[in-house]
Amino acid sequence: MNIKVGKQAIAEATQKLKNWGRWGKEDQIGTLNHVMPEDIVKAASLIRSGKVFALGIPLDRTGPQTGLFGGRFNPIHQMLATGTDAIAGQQDWNKIRYADDTLTLCVQGATHWDALGHIFYEDKAYNGYDAKLIDSRGLSVLGIEHSKDKMVGRGVLLDIARFRGVKWMQDGESISNDELDQCAKQQNVSIGRGDFVIVRTGQMERCLAEKDWGGYAGGDAPGVKFENCYWCHEKEIAALCTDTWGCEVRPNESEEGINQPWHWITIPIMGMTMGEIFQLKELADDCEQDKVYEFLFVAPAIPITGAVGSPVNPLAIK
Amino acid sequence: MNIKVGKQAIAEATQKLKNWGRWGKEDQIGTLNHVMPEDIVKAASLIRSGKVFALGIPLDRTGPQTGLFGGRFNPIHQMLATGTDAIAGQQDWNKIRYADDTLTLCVQGATHWDALGHIFYEDKAYNGYDAKLIDSRGLSVLGIEHSKDKMVGRGVLLDIARFRGVKWMQDGESISNDELDQCAKQQNVSIGRGDFVIVRTGQMERCLAEKDWGGYAGGDAPGVKFENCYWCHEKEIAALCTDTWGCEVRPNESEEGINQPWHWITIPIMGMTMGEIFQLKELADDCEQDKVYEFLFVAPAIPITGAVGSPVNPLAIK
Amino acid sequence: MNIKVGKQAIAEATQKLKNWGRWGKEDQIGTLNHVMPEDIVKAASLIRSGKVFALGIPLDRTGPQTGLFGGRFNPIHQMLATGTDAIAGQQDWNKIRYADDTLTLCVQGATHWDALGHIFYEDKAYNGYDAKLIDSRGLSVLGIEHSKDKMVGRGVLLDIARFRGVKWMQDGESISNDELDQCAKQQNVSIGRGDFVIVRTGQMERCLAEKDWGGYAGGDAPGVKFENCYWCHEKEIAALCTDTWGCEVRPNESEEGINQPWHWITIPIMGMTMGEIFQLKELADDCEQDKVYEFLFVAPAIPITGAVGSPVNPLAIK
Amino acid sequence: MNIKVGKQAIAEATQKLKNWGRWGKEDQIGTLNHVMPEDIVKAASLIRSGKVFALGIPLDRTGPQTGLFGGRFNPIHQMLATGTDAIAGQQDWNKIRYADDTLTLCVQGATHWDALGHIFYEDKAYNGYDAKLIDSRGLSVLGIEHSKDKMVGRGVLLDIARFRGVKWMQDGESISNDELDQCAKQQNVSIGRGDFVIVRTGQMERCLAEKDWGGYAGGDAPGVKFENCYWCHEKEIAALCTDTWGCEVRPNESEEGINQPWHWITIPIMGMTMGEIFQLKELADDCEQDKVYEFLFVAPAIPITGAVGSPVNPLAIK
């Protein structure tokens, strides 16, 4: 499908995929509503070996940010008290020797969840909330704090890079709905309501191997096609997660004037959150080995009041 | 036991409880080594209803910090892009409408894990590491990143306030080892190797009810006695967590010149991490109701390189 | 005059005092245009003793901020390298021993200049610029950087507290145009085109004496009446500065629905910047002693690109 | 002189140039003591045309920092309130329409003063203060706040690049004492006690012309030779300022094991502060034109309590 995604395709998707009101007019969590308690019970039964895979990248100055999007920067970690102070006797007044510290970060700068207030469609956010409710003081609606107990369920890895037999996909290569289905089939898993689907392109591994993030944060990337929003809707997944900066393929398939078309639909129209910049190598290697691509997925958002997202260290527990 | 904890009691505890070298001389995670994969598998079987309890407090300016410890402050959340910018047309150049944000926080300012580099004993950190390795550039040893896949296991709530039949314990009231054992017995749970033990004093609930944090961050508090470090050691627990700022009773039981005696031992001598400022009300109410005080506990630390701790939103999954 | 300032008085002032276009339609500095090079030469001749008075308050956690205006906070100073690191040998790799640091501050949190983009009238900023040009990315017009070489000229202190014979004025006490003129007369100075007029109320000295900032940042205060905007306009002064948080009297003289009426006019309509939170005690004491209330005033704004103001340490040189 | 500066040359300089105790054992400002009130009066008489030159570079993300020295970064400016919020009606509750903002900066990241606590010699700072007094809480001695009313005096530009007949000096080219004297002579100025001497290499102009800071912040650079510390001492200047990151030539002339030898002496031994990253083009062009290289120099440090320096927008007033 090489037809460019234009305003009409966008408009059509807004008609077909709109979840506004689906879970009540005050709903703040969208497709996370797909996860039912019984799904969590079932997912718990996937824990068989007790192996834990941490999918978060390190938060430090070596991260991928290069100033994008109004100035994203890598995390800045600073100390408030140190061991050197302690041994110099500078803490003796306090009768205890200690270290302490601070962190300044872009909420979406490393591995993170997007909140539903992250993207607008025209003048509206998800569920019809007015975009103006998201001002300099933060998000008075759709902040990440609403999802604080929701990021738990069945996780499924779809390892597209391995499915293609490559170490990593190339920038600009796109993943169709069909390929997702075929990959799932080959991996012997099926995707269902309430799943957290994790798509591996290998892009991050390429950057780490080349020791150069390059355009990782906001430049060209492998990723899902625009049509993927239909797939997510039909499968009723809870969220999509990837090892890229923004899930969808870049350069986008869209016409001039539409940047990140999949985001235009998934967040504000469908109310689907996404997990980005996930580190998948160890998990993928393990899945390849035991041929089990499903697990309990626990990735609690930090309840930062009124935030557009949350840093997260997602865990896949097998 | 109203004998004050003095230098001798401290010295004795360092002899009896020292775990340096126990898990290798390069170990960085201490008592988290007590958790075995099979413990995680067993803990997963505790998930029966699919209920999820988020134990993290909101990160915002209404938090408990008042300038303690070299200047701790409550989280500062700021926007990089807003819905008001979007609807004013100020993002049209970018062909997408979005919000984005930053956070500046004290790593231990809200619900958090302590890293093992947080407290020193004389000139040393846990496992004998020189305290000078923790300088203004951060922790080159014992940083929180080493625990990124370790905060998973069986969680047990010991609801001391309920055991005492009070809404909340008073500041200065201390919890003995004996009381912990009796409470566990009454709750029909036993504590074992690798458990994450969560002690509820109710102090946070009092502050929230009174809408005044008062001295919560660093002032007087209910908490465990110094002898608790022996209890933790004997039980071989993974970590202790509470709804207070610092786990141990304040005013401390110690002599002049020793601030936070339990911390002097638990972190640098035993290598036991702790979780603090946990919000326990909903979990405790539920446990009271179904009489089940154990659950899968998943509280992934964010891998902030060289950090003294991590903000966390711990989940108890039943 | 106890008639409340209402919408009509505001509207009338916007008619009579509007400087939009006066210095060209692209002007970014407003009444700072009143200062001519010859004024600076003349002001230099006021330097007779070589005494320098620094009018900036210390930037640290003891400042006046209490969370006002979307969350203003006092400056946060943190180290990147320390002497304790140095003597512990932790900098040996760098072959030099050093300290280094960072600062996080609200630009208007301590002694500061307001930029002309600080206040809007309806949907417009000074000179008719659209308020939307001031978005989350900063000020694309009217930022403080435009004034970087303009904060030099003749300074005149009007010591109203001394004129009244009090140590400090009380909160809520207002200063009329007439009183400014009488004070100038008694002090034997006249106010003219291009002057930087500094009004002393003594409020800051009261706070420092009482060791309690109280409502200093945004609460009640002594200050100029609304009519003062006419006085500033007629005298053609460059800027007004005071030892209070916001120059004008609080509670304001205005009707319900109008907060800080003097600001509504001075910044967006007249294009007059102001200096606030000036520490005036030493200067005022000296002026009292030598009866000379004029001096060279040099208070360079830091050229923070697109900023709403600048921290400043203003100097009065006599 | 191509002999490398070694430990012996350093030791010799510490003997000959040490100003410890010269201005009292509690002195905190070192060579700024050289400026006398009468020098300021005299310098004021240099103001003849009323021209003001602002020597500070813009504080924004386009600055020179690249992560040096424990992680220096360019200034981060963020909004707390915007015009877009205002016109969306989001400030109506406050009855005034406004913008507000914050800044996070490395104190020495752009145009700045070094404080005397910036560099240590062995375990000591200037005047014999113990380096341990400079810990994670800041500088309890030798902080920049002590200089808040001291940065005023006669400024003299020594335009070495023009003296050499080049647009800019090349990295690695060094300036001898002899050349400084010859340049002064050709410019028809003499350097004396209490002067603020500003040396122009043109390096910054090269970076701006090439639109690439390259190694400006901490890499190779033109600058003064080590012997310059003798020159500064003999002339009894107040401070040295330049358009480079660190005044002295890089690669340094020193032996292995000594980084920035001139700094080892000037700050901790002599107690001489320095101004760095000054933008000199406009001033230098004007001096070339009117052949007047002296002026009133006013560059007030912001009194950041316990800081290693201060951002500054230095003014040369002619």
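Chains here go by letter, A, B, C and D, matching the order in which they are written, and residues are numbered from 1 within each.
Everything below uses one rule, namely that a contact is a pair of C-beta atoms (placed from the backbone, for glycine too) under 8 Å apart; a residue touches a chain by one contact, two chains touch by 3 or more.
Small disclaimer: the values here were computed from a predicted structure and weren't measured.
Chemist: What chains touch subunit C and also subunit D?
Modeler: Touches both subunit C and subunit D: A, B.
Chemist: Which is it for copies subunit B and subunit C: same residues on both faces, with over half shared, or different residues?
Modeler: Same, since most residue numbers here occur in both copies.
Chemist: Indicate the whole-number Å distance between the mean C-alpha point of subunit A and the mean C-alpha point of subunit B.
Modeler: Taking the mean C-alpha position of each chain, the two centres sit 27 Å apart.
Chemist: Suppose each chain is reduced to the average of its Cα coordinates; what separation in Å results between subunit B and subunit D?
Modeler: About 45 Å separates the centre of subunit B from that of subunit D.
Chemist: Can you list the subunit B residues in contact with two or more other chains?
Modeler: Those would be 70-71, 78-85, 87-88, 90, 102, 104, 132, 135-137.
Chemist: For subunit A, which residues are in contact with subunit D within the complex?
Modeler: Subunit A reaches subunit D through residues 61, 67, 71, 73, 76, 79-82, 84-85, 88-90, 104, 132, 135-137.
Chemist: Under the stated contact criterion, what part of subunit D meets subunit C in this complex?
Modeler: 36-41, 44-45, 47-54, 56-60, 69-72, 75, 77-84, 86-87, 94-108, 117-123, 125, 130-139, 145, 148-150, 152, 257-260, 263-264, 296, 298-309, 311-315, 317
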